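In what follows, subunit A forms one complex with subunit B and a second complex with subunit C.
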Partner chain A sequence: MKPGAPEVHPTHPKVTDPYSNIGGKSETEWGDVERGFAESDYVREDRFESHLRTHGYLEPHVTLAHWEGDKLNVWTSSMGAFVKRAKLARTLDLPYSAVRIHKTYVGGTFGGKIDLYSHEYCAARLSMITGRPVRIVASREEIFSAFRHGQPLAMEIKTGVRKDGTIVAQRIRVINNSGGFRGSGVVVIFLAWGFTMIPYRIPNLRYEGFSVYTNHPVRAPQRGHGAPQIRFAIESQLDRIAEDLGIDPITIRLRNARLPGERLPNGDNVHNAGLVECIRIAAGKSGFLEKYGRDRRSPPQGTIRRGIGIGVSAYMGGTLIYPNGSAVIVKMNDDGSAIVLTGAIDIGQGAETVISQIVAEELAIGMDDVKIISSDTDATPQDIGAWISGMTYVTGNAARQAAGNARDKLIAVASERLGVPVGDLAAKDKVVYSTRDPSARMTYREVIAASVATRRGDTVIGEGYWRTMRDEPNHPSLATTKGRWTENYAFSAQVAEVEVDIETGEARLVKALTVHDCGFPVNPALVKGQIDGQISMALGHAFMEEVMTKDGYTLNPNWLDYRMPTIHNMAVSEDADVITEQYRVGQPYRTKEVGEGLVSGILAAMANAVYDATGVRLNSTPFSAEKILYGLKALEFEQKRSQPKETVGA
Partner chain B sequence: MLDVTKSGLGTDARARSRLVSLCVNGEWHEVAVKPRVTLVEAIREAIGLTGTKAGCESGTCGACTVLLDGRPVLACITLAVECDGAQVRTVEGLADGEKLSALQEAFLDQGALQCGFCTPGMLMSATALLERSSQPTREEINKALEGNLCRCTGYNAIVDAVLQASDQGVKPVMK
Partner chain C sequence: MILFDFELERPDTAADAVAMLARLRGDARLLAGGTDLVPNMRAELVRPGVLVSLAAVAPAAPETLSDGRLRVDALSRLADLERSSAVCAHAPMLAESARAVGGNQVREMGTLGGNLCQESRCLYYNQRHDYQFAAPCYKLGGERCYPFPTNKRDTCWSVHMSDVAPALVALGAELEVLGEAGPRRIPAEELFSGNGLAPIALDAAELIRAVIVPAPAPRSGWGFHKSTVRGGLEFGMAVMAVMLALADDGKTCASARVAIGAVRERPVRAPAAERLLAGAALDDARLAEAAAAAAKEVNPLPHHGFTRRYLMDNIRVHLRRTLALALDRARGARA
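And then the complex of A and B:
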């Protein structure tokens, strides 16, 4: 990025002078940052760095393509059939109708299977040339060496606060080492702005993000997509500010946390934001203030030090990006059971379970009466995909609407037959009945038969559509951040308790507490599964995982040398819901994100907890034994230097 | 990765295929395999049981775990020719017809799987554990499952599922 540096893409338009190799820039500003710093009682500047990690999905990338003369059939491990179809059709210059992405069960993704990959193109092209089915499976070594990993960011943060810790102004500069091509490198610098502005009020902000071409493999989105990095940086600095001002970590967060109904700088509203309650409950449930600073004040015997830390995060759900909206069709069978057609893809998050639950609830039928057909671009309606944290909200609301539409049709037919006004009819256990006279009733089977008999053969089919920000034409500009984003923001506060061995520098997460506002959990067990998985992934981020590269080559292209958490590394993971929304049959609902934002607060919490245990403040991930030990030695050295020498024999 | 062709497993054209007899889930199969063909390739490609997964083909993730004469082995680093005459159990052999094993039921109940890719290997490692120790401790469970990576669940639900299946006081979540 240095001015005059050799250019990776000499023909690339010059985004920013004088810098070289800028693939894209995000820039925004509100208030008056310089005046804000001038009016601040305390200003602090820090630089943070994150490292290269990978997704670690267990199922390798695999694609089977079969060209049948006029139709390309593709089975591929992906995160959304419709976005994959769009990218593949455009790359191959085929009409969308000539490409069919079939349903597959996907063995984990975490962001790593959104982009169109070269093996997908190659399988398709080779099949078109040979007329034979072509299957390509990536080896694990290939995935580590030639596929896409996450996005390491460097973050410079200057923050001005009042004496009481209230943020007055912030200037943030984020630099993304985006690899040899654009990929989603420009997205992550835009998103890092988003994850900056959601949780806390920042009256004056100047934000600049640069995505920089480097001689590395191109990057992919990765669970959290910028949030773990920027929240680690902001939350680490906030703890330092709090300490400098003599405020505790809970109070400084409560002072700055968004309140319900607040308007964000982009014009969005946080609605029933539960952040304050999340922080309060996290502090209370973990006994935070009783534990905080304990081992630093009075170090225990032995080499193990325990520390506690907190991190806050927030996440947007179901934001606009192609294909922007989801549709669902619910077809009633003659016997009153239902078939759901949805483009939603299940990648392990439980999309099919949740959509079936919603349809069952709206139609007052059992889960066993719902059969789901999903994620097939020819057979099912368009869907946003499993990669923008909006499936339960967007596709779920479409499913609710489709099932509701079918229910309304059932009730309308029953109303005609029973001579009971629609308003007096209700549905339960596959029966429509009069609320005034329950003996006036028809089973769904009878209602559907009646519909076919009296309505020119009409069977009962419901349609539903949903889209975030219905009145907004486009997603916000990545370059300027202007434009509305979503009506759907999730909030969380997470507490980490870590143990550090001061002899070896090794740290481990002992206990995690996640308190989050996900609206309400449609399926509590699935929500819990998401939380635990993110705790595990975040502790790998913090203490274990790093893709090591040299001259663009991966030095540790296997799971022996790239250490992911095993069953031995997992910590106790507790959680609590802050319920801010509710579900009522027939009403739109607002569930919030839960599948990726929770890798962020806990990462920051672990950084803060390592500090609390040892006094070592790490401004870069991972928090390796080497760095912690180095920090401890540096502290020891500092202490010795600042203490007056004791006189021997005194 | 699995460059297995229909005309015979493996790419080394000159190497002679050998006939190997495997008793998979109680059913004998005779498969012709080149010497380099691994057990997971033989199970998936020749016998056609795709429940066993290959995640790393280097013995690091455990997704390919099957029981060979009752012991869990990594089928991606076990050669098929080594297994001649052996009893092999795969995830397909756990259920009794439509009836899932107690361990499988517990996995479902505890939400001990998300994407499901590691699950066949997890189930086989845990089945072997429960067959040699009817009420394993948490430490024994961790030890038995340490070679099986799971990226989705964070493991806690898996431990609970094993405890539930072995009647050790873990209450069902969903039932």
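And then the complex of A and C:
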């Protein structure tokens, strides 16, 4: 990055800074930051770093490609069939219609399977050359050493506040060690801005993000995509500011938290944001203020210290990026059951379950009456994919609309046959009936038969389409951050309780509390699964996982030396919903993200809890035993030095 | 996937296996549980032409000999040691150290002898070398040491990570080694060469047949601790095993054996620490002093991302606690 440093690639032509190796820059500003600092009662600057981690999907990358002369059939472990098709067709210079991405069940991705990978191109190309099916499976060692990891960020944060902790101005510089190519390195520096501006009001902000080419493997998005890193930094600094000002961690967060209806700097609205309630409930349910500082004030016997910390996060869902929208088709069978065609891919998050639930609800049929055909670029309609935290919102609303469209057709036919106005008809258990005279009724089977008989053979098919913010042209600019994002902002407050052995620095997460506003939990069990999975992932991030490298090569390309948590490391994970939206049949609804943002607040909460237990502030992840121990020793040394020397002979 | 061809032999007896090894010399490797050898073959760290499988040699159950010693067949699975009432009653530290190894599947397959004879480990060594770190290191017959570039050709600081070995060293166990000339007995410590290039000091035509654990001394107690990051499914950051025996007065230490694993090319004794313990009246201060001495004298090698400084601190604290646990047991204050 240093001006004049040897170039991995030339700096992007639009970047005017004098640095070397800049693959891209995100930059934005509002208010007057310098005046904000001048008007602040207290200003502090800190620098934070995050380390290299990887996704840890259990199913390796695997692709089977079969060229049939004019058609390329591909089965690949992915996060969205349509985005894969677009990238593969463009790379191979084939029409989209010549590439078919088939459905596969996916054994975990966490962001690591979004991009088009070289093995996918190679399998396709080799099959086109040989005319034979070609299958490529990556070994775990290859995944660790030659595929893509997450993004380590360095973050410099200067914040000015009033005496009461209200944020006045913030200047943030984020530097991403992005590896040998752009990858999604230019996306994460843009997103880190987003995760900065959502949860708290910042009247004056200047943000710069640099994505820097390095001699490292290329990076991919990883669950949270910038949020865990930047929230760790901001929430750590906020706790320090609070302490410096004599304010508790809850009060300072409540003072800055976005309120419902607030407009964000990018023009979006947070609508029914539940952040204030999330913080209040998290504080109350965890007994935060009773516990906070307890072991530092009166250290208990023994070597174990317990600490509590809080972190706040927010996440957007269903944002505009190719292919921007989803469509769903619901085909009614003669017996009143339904077949749903959706491009959605189930990567373990339960997409098919949620879409089935919505279709069943809208059509007043049972879940058993819904069959899903999904994620096939030839057979199903276009879908946004499982990678911008919006499937329940975008594809779900398309499914709701498609099922509603089919229901409306059923009711229209029944209305004609029964002579009952549409407004007096309702549907329940595969029957359309008159709400005034329930004996006037037709089963779906009868309605569909009537439709075929009286409408020139029309069977009943519903169509639905959805995308966020229909009037917005495109996704925002990564370089300038201009442009709107979404209608859906999820908020959360998470509390961590940790135990630290002060003799060895060994630390563990004992208890996690997640209070989140995901809008409306369509499937609470799946929401709970997402929360627990994110707690597990975050505690691995905090205490265990690190891709160790030497000169860009991976030193620990295996599960043995890249330590993901086992079930024995899992902490007690409690949660509470703050429900801010409702689901009503026939009405558009707004669900919010819940599948990746919750790795963020809890990471910050763990850092703050380690501080609460020990007095050690960690400015970098992971929170290794070694860092904590030497932090403790440094504190001890400081204390000894600052104590007045005993007067001899007094 | 193993990407090279090899023969598989399956002799009926241990003696036949030895004869086969003698005939094949360096081209053969013994296969017991395979939990160390097979991954190393996948990574092509070893490319034996012949695997001599011991699958047909059934292990004898652990038995207590008439003189009070315990004899454990080297082909016993690690999980069998945990489950053996003879081992649990007679050498509970051996059972605990076996339980510390890997995960369930590894312990069901891995054998006692195999665990002792495992290869030493290093992040640079334990991976395939087809596109990174491709030039072979000293241990692979090459011309460099990646982690310690100034090391000479005869020095390899890979660490031996057996959890069971330090326990056996602390227990004063002996190994029954079978060679062409018949069986011989060596102290467990002598199995290890101390050189990471070839950590196991057995002849190519020798195998470990059994482990003999002496009868515990009266008023003795043991302590075992494996420092890890996640508490399972991993090799140790440092492994500590101690055996303390008290004199008739119940206070003075009659003998002490302290062994540390996973931080050197072999499990190491801590003689300075043992001298501080033996003959002394043991109190917290003395245990702390001994643990600090051990941390210093074993001079841990930085390995797997852990610094020498932190390993010393970790050993100093956990060894002190492990000694305290052993002392409690020697006093009969805990099981």
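We take it that the second predicted complex is superposed on the first by the 641 of 650 C-alpha atoms of A that agree within 3 Å, B and C clash if a C-alpha of one lies under 4 Å from a C-alpha of the other, contacts with A are read in each partner's own complex, and residues count from 1 in each chain.
We adopt the following convention: contacts are C-beta pairs under 8 Å (C-beta built on N, C-alpha and C of every residue); 3 or more make two chains touch, one makes a residue touch a chain.
All of these numbers come straight from a predicted model, not from anything done at the bench.
Asker: Looking at A:629 after the superposition, I want to know if it touches subunit B, subunit C, both of them or none. Which is it: first, second, both, neither?
Answerer: second
Asker: Count the residues of subunit A touched by subunit B and by subunit C, then name the partner with the higher count.
Answerer: Touched residues of subunit A are more numerous for B.
Asker: Kindly classify A:105 by the partners it touches after superposition: subunit B alone (first), subunit C alone (second), both, or neither?
Answerer: Only subunit B is touched by A:105; subunit C is not.
Asker: Does the superposition put A:349 against subunit B (first), subunit C (second), both, or neither?
Answerer: The first partner, subunit B, only.
Asker: Pick one for A:58: touches subunit B only (first), subunit C only (second), both, or neither.
Answerer: The first partner, subunit B, only.
Asker: In the superposed arrangement, which partner chain does A:235 touch: subunit B (first), subunit C (second), both, or neither?
Answerer: Neither: A:235 stays clear of subunit B and subunit C.
Asker: Between subunit B (first) and subunit C (second), which does A:528 come into contact with in this model arrangement: first, second, both, or neither?
Answerer: first
Asker: Once the shared chain is lined up, is A:137 touching subunit B (first), subunit C (second), both, or neither of them?
Answerer: So A:137 only meets subunit B here.
Asker: Touch test for A:563: subunit B only (first), subunit C only (second), both, or neither?
Answerer: Second partner only.
Asker: Give one of first, second, both or neither to describe whether A:573 is in contact with subunit B, with subunit C, with both, or with none.
Answerer: first
Asker: Hey, what residues of subunit A end up touching subunit B and subunit C alike?
Answerer: Subunit A residues touching both partners: 141, 558-560, 565-566, 568.
Asker: If you look only at subunit C, which of its residues touch subunit A in the complex?
Answerer: Its residues touching subunit A are 43, 123-124, 126-128, 131-133, 146, 227, 229-235, 304-307, 310, 313-314, 317-318.
Asker: Considering only the defined contacts, which subunit B positions touch subunit A in the complex?
Answerer: Residue positions touching the partner: 1-2, 53-58, 60-61, 63, 111, 113-118, 141-142, 145-159, 173-174.
Asker: Residues of subunit A touching subunit C in their complex?
Answerer: Listed in rising order, the residues of subunit A that touch subunit C are 141, 145-146, 503-504, 543-544, 546, 548, 550, 553-561, 563, 565-566, 568-569, 625-626, 629-630.
Asker: Where on subunit A is subunit B touching in the complex?
Answerer: 55-60, 105-110, 137-141, 347-350, 525-526, 528-529, 532-537, 558-560, 564-568, 570, 572-573
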